[in-house]
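Next come two complexes built around subunit A: one with subunit B, the other with subunit C.
Our next item is the complex of A and B:
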């Protein structure tokens, strides 16, 4: 334990009291604040919804298609703002903590040509398609983290229905160049923020902001054996005026650029295997304007700070960060913490991943697909938040009883900010419900 | 399609899944059906204003340890999609190619709320209650959990020949099921649409047609529950629900052409539920006052607690009317006859001065009173009657796929 390094002056409602404080006391506070927020969230929805599969962008026969995709992951690692892969929650929660997520994506696709007899150039000769994607989800942190977030009056996760994706687009012609057959498409997706969204939750199924995603994609078949699908897309994101988890989801969300490619090999008419590459990165920074995360029970006593700081360390074989001498200091009776709301900016977020899977095509009506999405690099969102420390309320930068200001690094959470470094697994069923 | 088979098709498609709000068992539910897709939509209503206590007594409240009456009225909509299909027919795979199978997905929407004494506690918790009680909410309504099942017919549905089979006098099916906790779950609410936990189950069902127009179905199953990371309402809901065994039996018979009557019974028995570190109780005892000079409070003594398990036996009747070969309307009424809910003894610890951090200088604790508390969520076994209306549609009486069995 560090020894006293400097003196501070502490004002209380009873007057001014000088004493030799411990630098470690502020370290405790800093660590305590930072310790709350190692939370992730599956950066799931748009990314998962648009990762291309075998023949994802091929020109399909007119008709209606249905698809159900189940995604499961147990996130134990996330990326920090320097691109390091860090263990979720350590050292402040015992090993084994994770963010568990299961998503169900239900897709309905229509392919046809409503302009066929209209004579309108381009449209009358090129089929169109529209797709709706509904989401159900389960996203919860394990109990070690649940216990921690309770200190802040927050919930560790949320379940329910997600945002609704709607997209329409148009196919190009089919092109034949020797053994190569290809087509392309143009589409625009709109994400309607109708999903369940709880401002108190560390994880949410809904995002509470609009997105509009114009997209170019292509499909190619070579020698009838190799199938290539690729896309580039730009995701315009709206603002979120009601950030969740104490303002640790961004209020002004950066736009995203996406590029993905998938190459599949056909063994026979039933069996396929594929590998893919996915790249997603924000364009600029996310901005946080409404940070409110704070301890629900205030004022805080030094011993509370110690209890929260030391919790879980013993299980890891780490000595307590704060000793009883500090925790039971008679010189500090209580204090209040108050975060400054912002604005703060992160360094932007990025994720790169490989995918691999196999397919079984059953008759002409069903496709079963299993896939692994394996992150290989990333950068998550972190911001340096200022907390005022006061001996009375209201606490703020102009408070007469403000004794110090701390800067602590907090993780951004949920889809727009957190980048998982843990693989997720996907099981997908495509079914021709009302077969053409 | 022959008429006896056609008549059964719609009625057989409904889920056999036994849930907290149990769906009534359908006639012919373990019968192999003609391959295709079947849909059933159901609306159910349950006042849930009475429950069994741990001794099996029928109590006039959903949470009997809280003074005054509490109810958790619930209205739910279920959508059940069932596919019957042959599999790998042309590939001669052992087991899989020689029989038909089924897959079933159940989606739900649940509207629930808390009424009465517990609602009043949520609205205005006592001043000396923990801070967490100020965050309590009445309920969490919305989409419910998703249940997925897969089954293989061990007997009575051999392939080839499923196209010509007109009647199935006897069949046996093995099913596995999985609950995916997509349902809305608010840990601050005592009643929720979702369970926030996964379970898996295995089930064996038998179908028998002893004489014309009679359908006997019986099944038994075992369900294993996994951990709920964030048990609701101050952890008064189980962190780990006890594993369950269940059984069901139904006898259906034609009353008039197109009209069938069914009598059914359901039974389940659950192991002890585990509760982890409850944080408050609505019926907390007052804190003892050892030192009149210091304010005191109390809190549930942290620890792991167990109840005595849960159970429920239900009897019921159904009437089903075939509007056409594709449409079936049904009305189900079920009445619990006996049961047992989860309750456990929760000791409290007194603390002086109030709110102090335990283990620090000047903060003293000593044992307080012990109270009986109700386990919430899946620990409750309600004794209220239940009504359900359902409407079924058969999408797939024909062979939807002209290319069945061929290569393209």
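Our next item is the complex of A and C:
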């Protein structure tokens, strides 16, 4: 190990040609480390946001409602920190690779007034509601991405049950101004981090941090034909002291602010169509304190780095970055990489999207809803991670065999960090028990 | 390889530890919490407070704003004293008003109306509302199931006020909303109580059906749904004798635009109207957008209701209702000022039916009559008459098919008298029928659990003993027949003890 470092040090003192070789070597390393960011992809869970549905915030009749929402997506694009839409996995994954997700959300809603006739001011005259949402999900990366993920000793996907959401709230009165009828509600959602969570997985169904989301929402009907539902919410996020995928999920998650609106047109009692707009953004930055993402097979040989990198670039039609001279240089035998855990901060995340869909109401007990969620802008989480390059282990900033430090830009992954730029499709079924 | 192994060994224990910690945490902390929360939500959602709270020794809060000496009647549906409001002083100067709520709500629905009516001069003693149902969307009410409850409400209030004021209260004004409209109409019809209602105001009623009701059992159907389907046999039976029968003044109040009240879109926007009534499509005529629940509780519509009520003359305080008297083939009233109003087309006479001091019965016609005294504004119950015919020798009997029992679906009950010239009257309210009860013309539609009674009256005046049939067409039966077990094994026995559980 010492020999390797020594040889590199000697090389760097031997003039331009050698220096050129040294610089190219680090460029390769940067690209190679950068491959992590593309490999990591994004959690489908992260890409899924929900604008309000038709009459989501109206004063529903007392009763019990069940709802199942199925979401399907193949995420092929995500947003980077500059708001650019980037192809998932490029240049190291050939086109066509994606993160596939199928999620099922099961909701149970109760509307009633447990304080009715109790004489308690406000509560006795305003119905309350509570909702629980459970999630089941299938999330997997396609094979090309999965192969890359395995380079880091990680798992490409995660299936199972997600976090549990519980919310309760209270309705205001109904107000009427001419043809405009409106009501509002106040609610607070708590996300219980009970979902399946694997620290080694690139995708996770669970998030492993608490969230508390106070929310104000309103519903309005105009001329009995136009239905408007909107909400603003603030999501307080707890910390995640066990980040997954080598620390590429934030440990200190930024709070979120959400604003959503949906406008529906009623054709008749059975058919509706709607369009919606969703905006959500983090308040401040996400912080990463436990970055450990790294190649599992170390020490790394330059040959493997060259092959790895050049293959990826060729997919983009770019000439090989690492020349055979560099790759076959006897001066580069092997080395170790070790990321510095942080702290790192991103620029915050943001997503804006449009939705469109239609509804069919069967009798009064069932609603079938199909919707497309189309991202129009976003900003994903990226951080510049420092990697120490050593010729022996343990590798770190204070290691005697530390030969250099690289900075490479990595994507944050999963719900708190990744913003999908790919549309997703939602099929929703609402069933009202005991409808007339 | 050594290095690689070292690297992996650094990862694997951590990974294993996280996974085991995750499952332990799930098992120890969140599973019970999740299960508890789900159970609590399911319990709250599936059972009414009236079921849950007594289990833990808590009396469910309810609106019970009654005088101490008033005993609320027992609901036919819940088997419990009805909640509500009424009385409280001020005396009875006007005809008392009884408010009948709609489906899935209760008497408290009318609290804004009480406040408004009191501002308009009504006293607390003159305003009453009682809840006849479960007050929970889990339990849909029914126009048939709650007829006995309405009967108890009206008779209970009249009896209480009569006792309190020292004079007999013969009439009330009734204001119904939504299901309460068809319910009150069914009560008046089945109990021959038109004469007890001076004014009836029906707000947002499904008099011609409602689109949310369906005639079959797909989905979560309820008795009310079978009753109120557009063109249902139940509505046909309700409307066939006339939509505004008897001496009662009728007013309806409804949306009329087809957009504000979601229950009555086009082409049902005038379902709330009744032929012969003062029909006020309030939103359509006033440019307002009051929805189904708002409409009868907004100042404008309430003013219209009060105006309608006040337009009717108050009965004289000590007056006595007239009675129909038969004198051979003549029908008269027992009061000289009273007039007899009759029809012969099978429909009930209305307030607009011309009156006469006496009516001579024709040979073949069946007369349906009531007497009304314009001086006192009081009336008699309906009665039917036929010209006297010679006595016949053959015995008079009455039979029914099916003869009562437990059924999964609504039934059509066919009645047959041994004398084909006899006319048959029936009730579905458990009330003993009289000659003024609904006339049997075709098989009677029985959509829910009820007590069916009928008599046949022969041309010579003979009357059969009342035929009493119990029909149990209930949710429990449907549920019992559609258990998961029977889905897989149609031969599995239906575990049903029979008769809808009262007080469920």
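The rule is simple: the second predicted complex is superposed on the first by the 394 of 436 C-alpha atoms of A that agree within 3 Å, B and C clash if a C-alpha of one lies under 4 Å from a C-alpha of the other, contacts with A are read in each partner's own complex, and residues count from 1 in each chain.
Heads up, the rule we're going with is that contacts are C-beta pairs under 8 Å (C-beta built on N, C-alpha and C of every residue); 3 or more make two chains touch, one makes a residue touch a chain.
Since the model is a prediction, treat every value here as computed from it, not as a measurement.
Enquirer: Once chain A of both complexes is superposed, is A:87 in touch with subunit B (first), subunit C (second), both, or neither?
Expert: Neither partner.
Enquirer: For A:104 in the superposed arrangement: first (subunit B), second (subunit C), both or neither?
Expert: Only subunit B; A:104 stays clear of subunit C.
Enquirer: Should A:352 be classified as contacting the first partner (subunit B), the second (subunit C), both, or neither?
Expert: neither
Enquirer: Pick one for A:297: touches subunit B only (first), subunit C only (second), both, or neither.
Expert: A:297 sits against subunit B and subunit C alike.
Enquirer: Would you sort A:153 into first (subunit B), second (subunit C), both or neither based on which partner it touches?
Expert: In the superposed model, A:153 contacts both subunit B and subunit C.
Enquirer: Which partner reaches more residues of subunit A, subunit B or subunit C?
Expert: C
Enquirer: Between subunit B and subunit C, whom does A:77 touch in the aligned arrangement: first, second, both, or neither?
Expert: Neither partner.
Enquirer: Of the partners subunit B and subunit C, which touch A:269 in the superposed model: first, second, both, neither?
Expert: both
Enquirer: By the touch definition at the top of the document, which applies to A:140: first (subunit B), second (subunit C), both, or neither?
Expert: First partner only, subunit B.
Enquirer: Quick check on the output: what are the common subunit A residues between the subunit B footprint and the subunit C footprint?
Expert: Dual-contact residues (subunit A): 153, 196, 198, 200, 269, 296-297, 362-365, 433, 435.
Enquirer: Once bound in the complex, which stretches of subunit B touch subunit A?
Expert: Contact set of subunit B toward subunit A: 37, 87, 105, 131-132, 135, 142-143, 146, 180-188, 194, 196, 227, 229-230, 239, 276, 355-357, 359-361, 400-401, 403-405, 407-408.
Enquirer: Going by the contact rule at the top, pick out the subunit C residues touching subunit A in the complex.
Expert: 3-4, 6-8, 11, 14-15, 18-19, 22, 26, 30, 33-34, 37-38, 41-42, 44-46, 49, 60-63, 83, 103-104, 108, 136-138, 140, 211-214, 218-222, 224-225, 257, 259-260, 262, 265-266, 289-291, 294
Enquirer: Would you pull the subunit A residues touching subunit B in the complex into a rising list?
Expert: 68, 70, 100, 102, 104, 136-138, 140-143, 146, 150, 153, 155-161, 196, 198, 200, 269, 296-297, 301, 303-304, 307, 327-328, 362-365, 433, 435
Enquirer: Which stretch or stretches of subunit A touch subunit C in the complex?
Expert: Touching subunit C: residues 61-64, 108, 110, 112, 114-119, 130, 132, 153, 164, 166, 174, 176, 178-181, 192, 194, 196-200, 223-225, 242, 268-269, 296-299, 336, 362-366, 393, 432-436 of subunit A.
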